[in-house]
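Read from first to last, the chains carry the letters A, B, C, D and E; within each, the first residue is number 1.
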Amino acid sequence: MKNVEGYSKKVRTPGEKTGLGPGALVFVGKPRPEAVRVDVIHYDEGRLVELYDVSAEECANLVAQKGVTWINVTGIHDVELIGKLGKCLGLHPLTTEDVVNTAQRPKVEEFPDYIFIVLKMIYLGQRTDETDTEHLSLILGSNFVVLFQEKEGDVFDGVRERIRSAKGRIRSMGADYLAYALIDSVVDHYFLFVEHFGDVIEDLDDRIIEDPKPEDLALLHKIKQNIIKIRKVVWPLREEIRVLEKGESPLIRSDTRVFLRDVSDHIMQIVEMIETFRDLISGLHDLYLSNVSNRMNEIMKVLTLIATVFMPITFIAGIYGMNFEYMPELKWRWGYFAVLAVMLLVVLAMIGFFRKKKWL
Amino acid sequence: MKNVEGYSKKVRTPGEKTGLGPGALVFVGKPRPEAVRVDVIHYDEGRLVELYDVSAEECANLVAQKGVTWINVTGIHDVELIGKLGKCLGLHPLTTEDVVNTAQRPKVEEFPDYIFIVLKMIYLGQRTDETDTEHLSLILGSNFVVLFQEKEGDVFDGVRERIRSAKGRIRSMGADYLAYALIDSVVDHYFLFVEHFGDVIEDLDDRIIEDPKPEDLALLHKIKQNIIKIRKVVWPLREEIRVLEKGESPLIRSDTRVFLRDVSDHIMQIVEMIETFRDLISGLHDLYLSNVSNRMNEIMKVLTLIATVFMPITFIAGIYGMNFEYMPELKWRWGYFAVLAVMLLVVLAMIGFFRKKKWL
Amino acid sequence: MKNVEGYSKKVRTPGEKTGLGPGALVFVGKPRPEAVRVDVIHYDEGRLVELYDVSAEECANLVAQKGVTWINVTGIHDVELIGKLGKCLGLHPLTTEDVVNTAQRPKVEEFPDYIFIVLKMIYLGQRTDETDTEHLSLILGSNFVVLFQEKEGDVFDGVRERIRSAKGRIRSMGADYLAYALIDSVVDHYFLFVEHFGDVIEDLDDRIIEDPKPEDLALLHKIKQNIIKIRKVVWPLREEIRVLEKGESPLIRSDTRVFLRDVSDHIMQIVEMIETFRDLISGLHDLYLSNVSNRMNEIMKVLTLIATVFMPITFIAGIYGMNFEYMPELKWRWGYFAVLAVMLLVVLAMIGFFRKKKWL
Amino acid sequence: MKNVEGYSKKVRTPGEKTGLGPGALVFVGKPRPEAVRVDVIHYDEGRLVELYDVSAEECANLVAQKGVTWINVTGIHDVELIGKLGKCLGLHPLTTEDVVNTAQRPKVEEFPDYIFIVLKMIYLGQRTDETDTEHLSLILGSNFVVLFQEKEGDVFDGVRERIRSAKGRIRSMGADYLAYALIDSVVDHYFLFVEHFGDVIEDLDDRIIEDPKPEDLALLHKIKQNIIKIRKVVWPLREEIRVLEKGESPLIRSDTRVFLRDVSDHIMQIVEMIETFRDLISGLHDLYLSNVSNRMNEIMKVLTLIATVFMPITFIAGIYGMNFEYMPELKWRWGYFAVLAVMLLVVLAMIGFFRKKKWL
Amino acid sequence: MKNVEGYSKKVRTPGEKTGLGPGALVFVGKPRPEAVRVDVIHYDEGRLVELYDVSAEECANLVAQKGVTWINVTGIHDVELIGKLGKCLGLHPLTTEDVVNTAQRPKVEEFPDYIFIVLKMIYLGQRTDETDTEHLSLILGSNFVVLFQEKEGDVFDGVRERIRSAKGRIRSMGADYLAYALIDSVVDHYFLFVEHFGDVIEDLDDRIIEDPKPEDLALLHKIKQNIIKIRKVVWPLREEIRVLEKGESPLIRSDTRVFLRDVSDHIMQIVEMIETFRDLISGLHDLYLSNVSNRMNEIMKVLTLIATVFMPITFIAGIYGMNFEYMPELKWRWGYFAVLAVMLLVVLAMIGFFRKKKWL
């Protein structure tokens, strides 16, 4: 365990790596003050060892022994430690480069001795219309799994529990099943997330049908952006997990493939939900605009009604407000009432016209 | 038959399964108070046995005998019973997990001993603009079919009738033909559904061309959402049934494949209808907006006409309503009538201008 | 020939077949009062026999003889007759089911002994903005072609003429060439149809550029719906004829394949025209809306001009129409003319402002 | 050479061929008064013969000799001549049918003895926003190329020059290279055309950003239609030339394939430019509408400002224009000035409100 | 090194090459005054030679020796020099033609002796909303790389540094790795570029949500055009690099393929970012229009409110401004106040109406 001091707050972007050679270990992302921690769970059907703050060499030792070794690395901002661990476990420099690059997109890459899987964890941000993503890298070797997590706190306690209590088949299966279990936990967590947005969209739908407000539009825009974000995370996974499932890597045993098919199916379900959301959001946007346009229409009708009714009669009033010396009507006994009657007629005619045009 | 008591009303979502291991039997969906019921029809060309409220062990016994066994499970909220049945029939834990997961999307999965098919039944809801879906799972073994239904009431009475009366070829064919017949019934039922929306859209078309109303827009939005829902149910089926038809599973005999091609063709027809609906709805939405915009235009023209005609003449009347001591026109004998004539000229000029611009 | 009596006027839809087994012969479509008629042309290079009102058995006899037999069935609402004919010619129940189902989409299906082709004929309806479709089924056997037409009147007189006059190669070639000739006639007829809509769209284009009217929008909507209809008919054909052409069915000789490639090319041309129409229509719709919006803009400018010019000066007139006892200006000798001058200045200022804003 | 007399001006469409058999030679297009002319260039590495007004039989003779023969047919409205030429050279009737059908889309068809290529030449029309297309057909035999042109004037003078002057490799290569050179000339000419529209679009972009006018919209619409036209011509070529390049026809030697790959690449470039234009045009259309909408907004603001400022104060003036006998304010010494002050306050309040709303 | 004098400023376009034969060396692009310079770096694991202003023949000599030769050509407007170099290195005429054609799209072409790769460098223009592209061509032979750059200044100093300092594996690997390193530098540079636009879009998002301005729309339009430009540059690369990676060319060793996969992955990431930008921009455009429409709505409401409130009461004032001799109300003691009260009532009624309609 190593404490990273004097870290800079600036988030580093992939563009800043320009000019460096391939395999150059540069952390891309938001630096964190916590030290990087390496924990290990080593188990086989009968035995279980849990170690905390393990050194890279110890990891290599454990991996050399029989049984499955789960090396869990929390924090990826200490490139020195990651590099050393990578060397001990025989990882390709391009792999370790991607492990510390939080801008790396999800992918699956087969190397001769291991499979390298990049995933993204999605969390709801503090405000419900914001999302955080966490960069996860998974190395599946013949008898070990290395999991690199960007920050503290994860969704794998269920897996740990099942290993500890020897519940289910996890203890009797190999590293490939462990990798599956970890991927499955991540994908399952996506559901929570996607369902949350499903609820928000449903609420919006009701609100927009009843009484569309400008705030709804801004919220719709926010959701749209979040959906784009999630899509970017889930979409590549879809093809990649399918490759794992159908692939011929000897690292994945055939009875684990059935489980990978299940994960693949879950991802498809999430992809479909996201696509449905896109359709729904686009529909809601159209509905919002149409509703606003309808209201505008209604307002315009009222304005036109008022204007067309009052302008003519105000004009008539104006006529008899003129100060000409010779205006015969002004002298008539019933002139005033006649004019009032004429005005009434004009109003009725206008309303009749409106009725005919179905504007009223 | 087992009565499920004290069930919770809350609908469970897939997200709530997060953290549980694979194959964990958790019912996802709206719990129901009725007990789960297992009925069996066992038949071959000469014989027919119908049994009600059969236990899991009896099912396994029947399956072991010669002839085709149709195990029909009504209700999937009793995970214990489903799990036991799954074990007796040798189903993979992932299969039983999907059977009780009503959020599972339609799919076809081949296992060594059976084919697992997930379908969705669609019903019209109480209001004609709402739809209900029912989760159906179909297990096709070498000589048995297990059909899991989410609730009471189904569309398979025609199939039962044909089995009982030995009408058509159903009694002389295997379990694969029975599976086909069940899938075919579900797909046929989609037609009813899709035709209903076709009628609704046609009605809307007439209404929107003649006299678009805001309610039509809301209805259009509802239909759109329903179409999205149906599409989600039918679209995956399309590829999956084609896989069954073209596939090499020994569980499906070649003379049944011709029938599967027919189902596949029906699904394509429904898919095309749905795509056509999407086009029509999008066209109707455009038409609605254009019509509303046309009306707005017409209203604006009237408003402009009235304003441009009356503003100038009201101004003239205002001029001669001023109280200046020295205003020579006021003293003129024919001043009043001259002003009226000028006003008339202004009105005519305005109308002429409008005519020229083709606004009138 | 059999007269169908007491037929119901109601158009039957595929949804009404729900619950019936596969292969159930149910007529789907608009029933017709005329009797179904079976005519036969039997020919080889030297011989030609034309028979009218032939029974199913006679058909089977003719087919058994050397030479090509063209069985032409006019009307498909007599399911009994169709069923009998199907049995005599050895058709699969699913084939005859599709023959009498006018809702069946275009498709090509290979059976061991024959190829089943479903086509749609398109006619212009009574109003030029309406289209009728006719369900055509074509069975291509080794030495016979059965053509099922929904109603009287067809586009195959050219083919008949060529057979009778032994013009071109038709008499010297097999049943596959006859099938090609019939399909070719149908596809050629599509051109007439598509060209008609091309002309209508071109007319509309001119009208909308010059002077867009609400009626144009309704017409555009109608054309769009018709294009969707035609597309649904032509689109599946595209892939299917290509399958025929590239396929390995022994029923189609290699020198006929060159001709099928030609049909396939024609269909592609129609598909491209339809796609172009979609683009043009969408462009016209945009143009219509933009033009309407431009006009609205122009109208608004006039309204604003009038309002902004007359409101201030009317206000000034209103000021001096007040009846205050002490209003010094009223007493001034040139007060009236000064006010008129001020009003003129205001008008000029307003017009200047409009000029600067380029609104005038 | 044959003079076609008494030709009809009517443009014939493919639909008019309905009912005629396949291979029927009917000219589709705009008839022309000029006679059809057949010119021949016959060459090998050492020799060059140029002949004008050659008969069909002479052509066949030349083709039978060693060396490459380029038969250039100007005008395709004399179906008799074309038919005779086709027979002499052994062309399939469907080929000659397509040669004289100017509505035929671009395609490449392999026949046992030759490859048939249909291209379209695009010319700028008289007005810069109009385009003309010319139907070109190319027959590539083992040692000859037949080029059918719809009208006088072409873009192949560069090729003729290179043959005459024995520049480059053209004289030392076969008929396939000649065909390539001709196709390349056509495709190169597309660039001129596409670049012209690129310039027009760029101009429009500047104009629309600065000051959008309704004429710009009409021009945009015209360009869009032209782009659709070009796309229709270029798009099918893309796949077809690729087929030629990757194909296995013995008529195309491997060292010519490198050149075809180059043409294929040019076509891709044009296709990409067209797609970019579509994006740009759609962007410009959006920008136009948004700008118009912005202006409308600005105009509405002015209107609203004027109306909301003057309506209240005009009303106040109206109040004191009333002729009630008892209106105490009218008698006040400073009443008039007080009212003017109130009006000023109202105006200031209104302007303040506008400022706050950021409308001013 | 050759100085190009009297060069024309006119940018040449591909269309100007029309009529020239294939392989004609014509520079397409903006001519530059600087002379074209050829520099060479020749190295193997132990040795490093750097030469400046090398002649074509010297290049060929160096290539013939053991070790990797990197020939770097700055400036491609001297077609004579390029042509000579091409001949010395055995390049196909079509390759040199593409090298000097700056309009050439990115592509990868395999020739028997070398692989030809066209890339585009993207730079930010002087104004941050403008982009420049530079045409780069890369020839990968068995032991040499030729890099043609359009202008001075590049992004390859990192690669040069690594070669000079023998850092990383570059000195111990072949020409294929050098080619990879150069491509990688270009692709890495894209990140800088894409991230810049990402920031601009994010800024715009904030501004448009808060207070949309017409300038934002113009900027959005500019960004959109830039994104289209970048997309055109990156999109074809995607497929091409994948072809290199998966291809079977013996020029690329298997340990370099892992690195190409990495580049391929980076390109995918950029492509995804661009697609995301397109979505975001389209979303922003919608948001802008919706916000503008919302504001318009608000303004219309105010206008309508003012008009509907003041028109009726102004009319009432107008009534009592008439000069009829017999108007009883004028004589009433409280007439004036009664009228004022009526006006107040009208105003309240109007406001109530607005409240009910939720417009206020």
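As a convention for this text, a contact is a pair of C-beta atoms (placed from the backbone, for glycine too) under 8 Å apart; a residue touches a chain by one contact, two chains touch by 3 or more.
Since this is a predicted model, take the numbers as computed values, not measurements.
Visitor: So if I look at the partners of chain A and the partners of chain D, which chains show up in both lists?
Guide: A chain counts here if it touches both chain A and chain D, which gives E.
Visitor: Over half shared numbers or under half: where do the identical copies chain B and chain C land at their interface, same or different?
Guide: Shared-number fraction below one half, so different.
Visitor: Can you give the whole-Å distance between the Cα centres of chain A and chain B?
Guide: Centre-to-centre distance between chain A and chain B: 26 Å.
Visitor: Suppose each chain is reduced to the average of its Cα coordinates; what separation in Å results between chain C and chain E?
Guide: Chain centroid spacing, chain C to chain E, equals 42 Å.
Visitor: Between chain B and chain E, what is the gap in Å from one C-alpha centre to the other?
Guide: That pair's centroid distance is 42 Å.
Visitor: I need the residues of chain A touching at least two other chains; which ones are they?
Guide: As it turns out, chain A has residues touching two or more other chains at 293, 296, 300, 303, 307, 311, 314, 318, 321-323, 327.
Visitor: What graph shape do the protein chains here make by touch: line, ring, star, complete or other?
Guide: Shape of the chain contacts: a ring, since each chain touches exactly two and the loop closes.
Visitor: Would you mind giving the ring's chain order, read from chain A onward, with chain B coming straight after?
Guide: From chain A, continuing first to chain B, the chains appear as A, B, C, D, E.
Visitor: Okay, in this complex, where on chain E does chain D touch?
Guide: 13-15, 17-23, 92, 94, 103-105, 107, 109, 111, 211, 214, 217-218, 221, 224-225, 228, 232, 236, 285, 288-289, 292-293, 295-296, 298-300, 302-303, 306-307, 310-311, 313-314, 317-318, 320-323, 327, 329-336, 339-340
Visitor: In the complex, go through chain B and note every residue touching chain C.
Guide: Of all residues in chain B, those touching chain C are 155, 157-159, 162, 167-168, 170, 180-181, 184-185, 188-189, 191-195, 205, 209, 258-259, 261-262, 265, 268-269, 272, 276, 279-280, 283, 286-287, 290-291, 293-294, 296-297, 300-301, 303-304, 307-308, 311-312, 314-315, 318-319, 321-327, 357-359.
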